[in-house]
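Below you'll find the structures, each written out as C-alpha cells.
Across the two complexes that follow, subunit A remains constant while its partner is subunit B and subsequently subunit C.
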Partner chain A sequence: MSGGGLYSGLRVVAGVAVVVFVWQAASVLFHIPNYTLPSPFAIAAVMLKEWRPLLENSLVTLTESVIGFGLSIVISVPLGILIVYSRWAEQVIYPILVASQAVPKVALAPIFVVWFGFGLLPKVLIAFFIAFFPIVVNTVIGMARTPREMIYLMRSLGASPVQILLRVQLPSATPYIFAGVKVAAAFAVVGAIVGEFIAATSGLGYMQLVADNNFQTDLLFGTLVALSVMGIALFYLVGLVEFLVLPRPLRQTRVDGGSSL
Partner chain B sequence: MLNKRAHIVWAAIAASIIVATWQSAAADDKKLEPLHLRLNWQMKGEFTPFIVAVQQGYFRDQGLDVTVAEGSSATQALQSVASGQDDIAYVPSVQLIKAVNQGMPVKAVATVAKVDSMGMVSTAKVPLSSPSDLEGRTVEISAASTFSQIWDAFARKNKIDVAKVKVVRVAPGARFNLLLSGKVDILADIFITNEYPVLESKGQKLNTLKVGDYGFPLIGYTLVASNDVIDKKADLVKRFNAAAAKGFQFTIDNPDKAAEIAAKAYPEQLKADITKGQVKELVAFLKLGEPRQLFLGNDDLWSKTVKLLKDSGAISQQKPVSVYYTNKFVPR
Partner chain C sequence: MTAARGVSIAASKVGMLFEHDGHSVQALEDVTLDIPAGRFCSILGPSGCGKSTLLMLVAGLYSPTQGNITIDGRPLTGCYTNAGIVFQTDVLLPWLTVLDNVLLPAAVKRLPREPARSRAHELLERVGLTGFKTHFPNELSGGMRQRASLCRALLHEPSVLLMDEPFGALDALTRERMQTDLMKLWAHDLKTVMFITHDIEEAVLLSDEVVVMSQRPGRILRRLPIALEHPRSPELRRDQRFHQIVDEIRDLFQASGIL
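Then we have the complex of A and B:
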C-alpha cells in the first residue's frame, strides 16, 4: 500500500509539472501579458521576493480557518447526534440549519464586522457558518446508516443507549463524519477569505485584494497558490488523522476495495 | 368587381407604406452602433453626465447605442477595456497611469477632471485638520479605492508614521456603517464628490480633509480607451466624446435638472436629494484647474501629475506624456 501511495504521489507531481511546463511555454510563445496571466516563473519569482508577507498573511488566514473549522467540529458532531436522537431537534432545528445555508455568507460578513470588529472573530464565525453544515449532515446520515442488526445485538446483550451510541453508532458513522470534516476544512478556508474580503487588516484575502487593485497580478496569483497549498494541506491533514484514528475496516474505501487517504 | 380590385390595390398600397416606414424606422435603429462604457464604481451621482447623455438622446444623435455599465474598481474597468470586453472606461488618472506603466495598451481620450476630489472624512469627535491626525487612529482605505494606490506615498510625503496608523481594508458598501458606528475613526478613501454628500445627508456633523491640499493635486477622472479601439474605431470615440461632452455641459449648466434625470433613471441607487448634493460638488470640481475646455488635457498638466506620482514613489516609471493621454478626440 505504501508503494502504491508513493507511485500515486509521483503521478501527482508529474501531472503538476506538465501543467506548469505547458503554462510557461504558452506564456512565452504567445506573449501573454503579465497583467492577464502571469507565467509560472513570474509567480515563483514574486513569491520568493515577497515570501515574508505571504507567510505572515498565510498564518493569519490559517489561524482563522483552523479555529473556525475546529469550532465547527466541536459543535456539529454533538448537534448531529442530538438531531438523530431527538424528534424535536430533527423537526425544529434541522430545517433551521438547512435554511441558514441559503443565506449567502457574503451578506452576513458586513453585519459581523459591525458587531464584532476587525479582528479574528468575524472571520472565524463566517468560517464556522460555512463549515459546520457538511459535518452535521454527514453525522446525521452516518448515524442513521448504522446496521440495525448491530443495534439489536447490542440491545440483546443489555447495552444502554449511551453504550450503543458510543460503541456502535458513532464508530460506524465515522467514515461519513470524516468525509464531512474534509469538505468542512476546504469550506472553512473559503469562509475566512470571504470575511477578509469584507473587512481585514491582514490575511491572504486582504493581500489578494490589495495586489489585485495595485495591478500586481503575479502577486495575486501568488496568494492563490498559497491558498491552494493551505487547502490541500488541511484536506490531507484530516485524511492523516482519519488514517491514524480509525481502524482499517472503517477507513474510507474506494470502489475497487483499496483504501486511500 | 371593380370595387373589389380597387380595395385590394388600396390595401396593397397601404401595406407597402406601412412596411416601408416600419423598415426604415427599424433601419434607423439598426444604424446605431453599440458601445460599452465601463464605470469604475457602482452608480453614483458623479456619473450623472453620462446618464444625462443617454436619457437626453445625445448618444443616439451621434448614432451610438451606449450601454453604461457599473463597475467595482478602476483596475477592473481598465482590465476590461484592455482585454476588449468594454470599449471605454471612466477611471481616475492614478490607475490609468499605473496601468500604462504596466504595459496595458490603454490611453486617456478625455481629461475630464483636471483636479481630483479625493478626500478624507471623520465624525465630529475625531479631529481631522491635518494628515498627522491619522496617527493613533483606525483608518479605512478600501483596496478598490484610488487613494489606496497612493497611500504609502501620501504618508511619506506628509511624514505620517504608518506604524501608528491602523489601516483597515473594507468592502466599499460596509464603510458608512463602520464610520457612523464608530468602529473606524476616519474614511481616508472617499471622493468629496461622492461619499461626502451621502454622509452629510445622514445628518451627522463631519470633518473633512482634501488630499489635493496635501501635496497631491492630481488629475481626476479620465475617459480611457484601448489603443486598439483608438486605432480602429477612432470615429466612434470621437462621436462618443462629443455626446458625452454635451452631457457634461448640460450637467454644469443645469445641475439640479441633471440630478433629477439621473435619479429618475436609477431610482434604487440614486436618491434625488443626495444626487443633487453630489452633482453640486461635481460641478464645483469640474470648474477647477487648467485647461478650462471640457475634456482637454495638456502636456503640462499630465506631466505634473505623472511626476508627482513618480517623485512620491507611487509609481516607478515616468513615460512620455503622449503615452498616457491624447487630445485627438476632444470636441472643439
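Then we have the complex of A and C:
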C-alpha cells in the first residue's frame, strides 16, 4: 500500500506539474493579460510578496472552519445516535433535519450576520450548518447497517444497550462516519468563506473581495491556492486520524490516493 | 477444566406467528420438545420450516406467540444469557482480532481477564488457530472464521450451545472437517447442544437425537434417538448402522412430500 501510495503521489505531482507548465506556456505564448488569467509564475510571485496577509487571513478562515467543523462532529455523532435510539427523535428531529437541507444554507449567511454580527460567531455557525448534515446522515446509516446477528449475539451475552452501542454499533458505523466527516471538512471551509463574503474584516473570503475590488486577479488566484491547500490539508488530516485510530479492517478510504479529491 | 454439564431445554406447545404489515406467517405450530441436560440434539428440516425460529425462541431472542420455553426447569423470560450461539455466518466483529473476538463474551460479561485469556488460547489451539490469533477475520478462510466463532461461543462455558446451520455456508470438505472438530470439542465439554441443520448425514453423525420437522408451519414429524456410541468419529460414515438411520430419515421426508 505504501509503495502504491508513493507511486500515486508522484503521479499527482506530475499531473499538477504538467497543468502548471501548459498554463505558464499558454500565458506567455498567447499574451494572456494578467487581470484575466494570471500565469502560475505571477500567482507564485504575488503569494511570496503577500505571504504575511495571506498567512494571517488563512489563519482566520482556518480558525472559523475548524471550530465549525469540530462543532459539527461533536453535535452530529450524538445526534445520529439519538435518532437511531429514540423513536421520537427519528420521527420528529430527523424529518426536520432532512427538510432543513432544502433551505439553501448559503442564504442563511445574511441572517446570521444580522443576528450575530461581523465577528467569528456567524462564520463558525455557517460552517457548522453546512458541515453537520453529512455526519448525522452517515452516523444514522452506518448504525442502521449493523448486521442484525451482531446485535442478537450481544444480547444473548447479556450486553446492555450501552455495551451494544459502544462495542458493535458505533464501530461498525465508523467507516460511514468518517466518510461523512471528510465531506464535512470540505463543507466547513465553504461555510467560512461564504460567511466572510457577506460581512467580514479579515479572512481569505474577505481578502478575495478586496483583491477583486482592486482588480488584483493574481492575488485573487493566490487566495484560491491558499484555500485549496487548506481544504486538502483538512481532508488529509481526517484521513490521517482515520488511519491512526481505526483498526485495519475498518479503514475504508485510503489516505494516500489523490484521486478522491 | 470443570466443564458445565449443561442444562435441560424444554418447549411446550410452542407456536410462533410472525406478522408483517398485514401478512401473517405461522412459522411454528405446536412444538413440544425436551432436550435432557448434556444431550446433543439436532433439529432437522427443510429450509423455511421454522427451525431457526425455534433456536431464536430457545435463545430468548424471540418470544413465542403460543406455549412456553423452559430452560433448566425455569420458564424463559427475555434473553437466555448463558448460551453460546453460532450463527450460519460467523458474525465475527471485523474490527477485532481473532483473539479479541473469542474474548468478546468475557469483555461483555466482565469475566476475570487471565482465566478467560488462557481459555481462549486453549480453545483456539484445539481448533488449530493458534497461529492466527492476531489476524483480523477478513484475513481468514470461511472455515477458520467459523472455527473462531465456535471458540467464541464456548469461551464463557455456556450451559447450552445453540448452533444455527453453522456449517451450511462452507464447502463440503471444510464442513466434514468442522464436524470432526465439533465432535472433539463437544466430547470435551458435553454441553447441551441444539443444532439446526438441513443435512441428514450431519444430523445423524453428530447427534444423540434427531428431531425431524415438517414444512411450514413447522411441526415435529418424528423424534429419532441415535443409538450410536460416543465419541463419534468420521469413520462412522462408513458404518452400516449410520446409513440405515440416514435412509430411515430420507424415507420419512419422502413420505411427507419434502423429498
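One rule holds for everything that comes next: the second predicted complex is superposed on the first by the 252 of 261 C-alpha atoms of A that agree within 3 Å, B and C clash if a C-alpha of one lies under 4 Å from a C-alpha of the other, contacts with A are read in each partner's own complex, and residues count from 1 in each chain.
Note that contacts are C-beta pairs under 8 Å (C-beta built on N, C-alpha and C of every residue); 3 or more make two chains touch, one makes a residue touch a chain.
Because the structure is a prediction, the values reported are computed rather than measured.
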| item | value |
| --- | --- |
| Clash or fit, subunit B versus subunit C on superposed subunit A | fit |
| Subunit B versus subunit C as contact partner of A:36, first or second or both or neither | first |
| Contacts of A:117 with subunit B and subunit C, given as first, second, both or neither | first |
| Vertex subunit A angle, Cα centres of subunit C and subunit B, expressed to the nearest 10 degrees | 150 |
| Partner chain in contact with A:149 - subunit B first, subunit C second, else both or neither | second |
| First, second, both or neither for A:200, with subunit B first and subunit C second | first |
| Subunit B versus subunit C as contact partner of A:159, first or second or both or neither | second |
| Subunit B versus subunit C as contact partner of A:214, first or second or both or neither | first |
| Which of subunit B and subunit C A:249 touches, first, second, both or neither | second |
| Minimal inter-chain CA distance - subunit C and subunit B, angstrom | 50 |
| Where subunit A meets both subunit C and subunit B, residue numbers | none |
| Residues of subunit C that touch subunit A when the two form their complex | 56, 59-61, 79-81, 83, 85, 87, 89, 91, 93-96, 104-105, 107-109, 136-138, 156 |
| Touching residues (chain side subunit B, partner subunit A) in the complex | 73, 75, 79, 82-83, 95, 98-99, 102-104, 138, 143-145, 148-149, 166-171, 173-174, 177-178, 181, 183 |
| Subunit A residues within the subunit B interface of the complex | 33-36, 109-110, 113-114, 117-118, 197-201, 206, 209-210, 212-215 |
| Complex contacts: residues of subunit A adjacent to subunit C | 147, 149-150, 152-159, 163, 167-168, 171-172, 174, 246-250 |
